[in-house]
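Labels run A, B, C and D following the written order; every chain starts at residue 1.
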Amino acid sequence: MPSNEFGKVFKISTFGESHGKAIGVIIDGCPAGLKIDSDFIQYQMNRRKPGQSKIVTQRKENDEVEILSGIFEGTSTGTPIMLLIKNKDAKSKDYSHIKDSFRPSHADFTYQQKYGIRDYKGGGRSSARETAARVASGAIAMQLLALFNIKITAYVSSVGHLKLDKNYKELDFNNIEKNIVRCPDLEKAEEFIEYIAKIKKEGDTIGGKITCIIENCPIGLGAPVFDKLHADLAKAMLSINACKGFEYGSGFDGTKMKGSEHNDVFIKDEDRVRTKTNFSGGIQGGISNGEDIYFNVAFKPVATILQGQKSIDKEGNTIDIQGKGRHDPCVVPRAVPIVEAMAALVITDHLLRNQFSKVEDLL
Amino acid sequence: MPSNEFGKVFKISTFGESHGKAIGVIIDGCPAGLKIDSDFIQYQMNRRKPGQSKIVTQRKENDEVEILSGIFEGTSTGTPIMLLIKNKDAKSKDYSHIKDSFRPSHADFTYQQKYGIRDYKGGGRSSARETAARVASGAIAMQLLALFNIKITAYVSSVGHLKLDKNYKELDFNNIEKNIVRCPDLEKAEEFIEYIAKIKKEGDTIGGKITCIIENCPIGLGAPVFDKLHADLAKAMLSINACKGFEYGSGFDGTKMKGSEHNDVFIKDEDRVRTKTNFSGGIQGGISNGEDIYFNVAFKPVATILQGQKSIDKEGNTIDIQGKGRHDPCVVPRAVPIVEAMAALVITDHLLRNQFSKVEDLL
Amino acid sequence: MPSNEFGKVFKISTFGESHGKAIGVIIDGCPAGLKIDSDFIQYQMNRRKPGQSKIVTQRKENDEVEILSGIFEGTSTGTPIMLLIKNKDAKSKDYSHIKDSFRPSHADFTYQQKYGIRDYKGGGRSSARETAARVASGAIAMQLLALFNIKITAYVSSVGHLKLDKNYKELDFNNIEKNIVRCPDLEKAEEFIEYIAKIKKEGDTIGGKITCIIENCPIGLGAPVFDKLHADLAKAMLSINACKGFEYGSGFDGTKMKGSEHNDVFIKDEDRVRTKTNFSGGIQGGISNGEDIYFNVAFKPVATILQGQKSIDKEGNTIDIQGKGRHDPCVVPRAVPIVEAMAALVITDHLLRNQFSKVEDLL
Amino acid sequence: MPSNEFGKVFKISTFGESHGKAIGVIIDGCPAGLKIDSDFIQYQMNRRKPGQSKIVTQRKENDEVEILSGIFEGTSTGTPIMLLIKNKDAKSKDYSHIKDSFRPSHADFTYQQKYGIRDYKGGGRSSARETAARVASGAIAMQLLALFNIKITAYVSSVGHLKLDKNYKELDFNNIEKNIVRCPDLEKAEEFIEYIAKIKKEGDTIGGKITCIIENCPIGLGAPVFDKLHADLAKAMLSINACKGFEYGSGFDGTKMKGSEHNDVFIKDEDRVRTKTNFSGGIQGGISNGEDIYFNVAFKPVATILQGQKSIDKEGNTIDIQGKGRHDPCVVPRAVPIVEAMAALVITDHLLRNQFSKVEDLL
């Protein structure tokens, strides 16, 4: 049953295993006539790639994206765009020890049970390496969104118990790429980095949160009932490896509020209808209302730790298992461009879907 | 663009407006040979229906489900099952005042902008009345799941700032239907009910949380990458009216944990592989591992309050708007069966999808 | 597995059995703002309905279409349109004799094998009664196409060995509804009618062909590779009960031609690029080129004959089976509006899909 | 809008242009545990590849299939299978003359109109080179079908006005690969080959027909209403380049028959229910009945001829256009494995879909 595809009209299909020959993605549904800046694709890949700083995994992959189809003389033709990323620094030997055993809180056990076979090298298909294909295709989606001036920005808003306690409006997004943890508050960034470094030294890992803001989203994206804009964003985020939760607008804190506090009063701001507050998070009835869309995404600590743990093998024997391989002590710095890419894919899909909501737009 | 359908192999398509002639649902993909207990469908409908207690809306609907197709002599035939629920107590006059104005934090504005027209009566399609169709179809999914002994239980775990601070394992689920707020802790239930009654008296509304547990889910449901079991649950929940957030397993609290604390060690329990702890929430790599699946769903306060508010009309004039109609002071008591229904639809879909994961199962 | 839905963006889902309470259809994806003429829907229903003439089945159904949702004050709202048609003249007693036996060339045997159960009354879901739902939803699609001046016309072009040997351009389509067999050549119509009447008297049935023309189809509908416009038309037609074949443009005769004869030379006709000949049938590379689209659809003789036949029962005993019930001696007169409806659904779907082929159309 | 994918549960997504870097396909939905024989894949590729004989195009492509993912130690893992075929002998210079002009009966004009841009080299995406990806993925489908003993055989049954007038049961399928035109009657094969050679010498092209037989198809594949097995076969065939028509079972000739002649009487053959005749073509009510499935596919003459033709350029000027490049004088010899591949994809999809038709099969 197909489950490696995302999107209804701007659809991506990804493939590839962590230690296979390559990973990649087909985009089926990109409109023709989009000028593609491949440097921008590579820029986004670099933000996600391993080995970029001292607080991420030291696997070395350049993650160079090769375009195999769908783009002619720099412009999309309306046919499938195929993006290929070869795997280079796959050290499969690191994984022979898990061939017959199940690492705690990994997908080894469930894949084995579901499929009766698994590519255990580097976690195979369950590896977050698959997200490189999302970032590559998301970078094309972003180039379409840029024509509409839609801007998507994600940043790290907590690491473990450490928390950035400012509203996104108080922050300078230009700071995000100025530090290796991708937090727009430079002081807080330092704290996060130090903490991750300490955790890494312990051979341990830590969770964290990412906040994402979508600015200039046109009114009308999203659909009633099942394909509410926030429902599609939730699925997109929860599909990212290690994600445990999603909230938008007032989120879980909104459960404590009264209607009289929570309601966003409509006001007229020059020609535009706006809301005074934005507890709705830019989405009402599943449809964007023109205000900023904002949401939080929770990530658990990485399961691979460089400490001894108990586990069992295929035969059910209790074993000692020791994390090997090269792993992230905390996913959030590298997950920032992934969150942005998935948000871009959702918004692009709904932007296109909204082309035929009204008969008058067709004529 | 279709957006009123949910599920890939056990698919529902809902239709209908709050004050139209009827609402309903087609189930396409229910296997043949399922004995249908229509009393059970009605039982679930009654748990969702308006007017059932003093803390819910007083609209009177019996929500009787008529089966128009797909069931022959009490058994499913493999053809589409059509369930029809007529609207009876629609007081459309209550809504003439919003024909040309936008209620704060409702979908009036976004529907009008997206479609250029809206059925304003009772909120039309944006009304939570649509969820009756979900509960009806979910009740059929549950009858399929019952053959596998899969059990889905939801309950209210917070109302406003009031919170049930017990793990689900300490609770007696038999208590849930013994009180009108649907909380398994009878003391806490009393607190919740009193608080909602007070909020109602103020003409205000309040948010809350629902916790849901799926027991006896077989190993292997869910799919790698985009259709992770929890990603589909997240989308299902966020598609429910007023939902603001979703977390499963360790959830947002898991972001504060270290890998060494969070990892669920595998153990052998008689013939079964189990985990010692269950921070994974029964899902690893997007696939169920046989442990309990549990998650929380956040609901905002209902937008309709019986207090005066400012808003604007279609022409952009500032107006005073006064909540009318019959509305819930808090959605969570009635949302319990909706959460269960959506969970049942997701699990049924993945149960069927898992039929052809392995070649050996086909032969 | 869902299989009762058709279309990707203008999608219909049908339900209902021949002798159940009702049949019907949900349209999900109709743009908002379409004025709906329900008389036109009924007009199309009447063209398909049983009992309309002496050469069709004598079952009496008015096939009145009730609109249950999605249309507000006569205009589509962008939400699902639900159309319900109640079954009235179901004489289920006529079918008790086939409860345990399999009628030759009917779906009794295959349904029983596939599902282990079947609603045998009137053939249940396998009855061509299901096509009433297609005609109803097709009538809404046609109202959308009318805004683009797209015109779909089908007619009977052969009955048994009798054949209308004229090109569609020589015919007066106004004659089609002037005779009960729906042939635009009135002389040929007489022959067809007489022949069907004779066949009927013999208790036998006969096959036939329908030709369909789509005029004023805009350039650009259809998609490369799998969703070629003619591939979707083929699937649409072959999904109609009793259909055995489809050909478009030069069709099967085109296999005998040379490229030098078959190629359609492009010419400039005032501002328009046209082709001198039209062996392509208005579609090149799967995409409409602005010329007339035309195709033929083959229908086999109805399987129910009023003659004794041998067959077997569930236990495998040889039995004599005698056709009962009220049946058509030839399907083509009533299939004309069904062919048109399916064509309208395909063209509408691709018309909407074509809205986002080019970036410049989005801006 | 995605249109480069085929299948619902065994789904392929193809990409690539005729003169781009590569073409290829992702298979999403292949069950785990299938042993893959890559020699067989290559064998099928060789049957389709250019340059294989004197009556096909002389482009030289080895069409070597590289497997980039989804197969681990020779066995499918349930994750996407990616098959890559690099383009080698692309002589793009041959195409500069059509950059700004439209070849008659090609897709140049419609692609340009639909997308505003086209990769004109070798026809880009509209080239039949895309079908190599279908053959590669079809070869994997066939390996799954082989486990069920399902056998798919296609052969050339007419070329131009020359026709093989024997029923498939009188033919020896072992002869098909013994001649370059792929006709099981060796005498007729000679005639076909000579005729094609003559046509080629004239710089012209010719159409033809392919007949396909599916043996040992289990009872129960296919679905009522829209996804009838023959409707999906029709779409599959019509999606092949140059295809103009499809008929199954009695086909167009069936329109001339009476019900009393056409009905297939059920008989008991040992333990099996069979039919005496098989005008149904192995499918009743859209569902396979266990008899042989057989159908015909019509192909038009190739549009590229090596003769001068009139056409127009982008500006609408009348021009002389001369066919260049290396092209087939007749598509049918190379289309045989394509027809088989598409049939295999349809049958595999429905074989998997049929896994959950009955509740009793689930338990």
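Everything that follows uses one rule, which is that contacts are C-beta pairs under 8 Å (C-beta built on N, C-alpha and C of every residue); 3 or more make two chains touch, one makes a residue touch a chain.
For clarity, every value in this text was computed on a predicted model and none was experimentally measured.
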Contact-pair overlap exceeding half with B-C, pair selected from A-C, B-D or A-D: A-D
Farthest chain (mean CA position) relative to subunit D: B
Cα-centroid distance, subunit A relative to subunit D, in whole angstrom: 39
Centroid distance [mean C-alpha coordinates] between subunit D and subunit B, Å: 45
Gap in Å, rounded to a whole number, between the CA centres of subunit B and subunit A: 26
Shared-contact residues (touching 2 or more other chains) in subunit D: 1, 3-5, 8-9, 14, 32-33, 78-79, 114-116, 125, 224, 352, 356-358, 360
Residue ranges of subunit A in contact with subunit B within the complex: 1, 3-6, 8-9, 14, 102, 104-107, 109-111, 113-116, 125-126, 130, 158, 160-161, 199, 204-209, 219-220, 222-228, 230-239, 244-252, 254-268, 273, 275, 279-281, 283-289, 296, 298-305, 307, 309-312, 316, 318, 353-354, 356-358, 360
Subunit D - residues contacting subunit A, complex: 1-5, 8-9, 11, 13-17, 20-24, 26, 28-29, 32-33, 66, 68-70, 72, 75, 77-82, 114-119, 124-125, 352
For the subunit D and subunit B complex, residues of the former touching the latter: 9, 31-34, 76, 78-79, 144, 147-148, 224, 351-352, 355-363
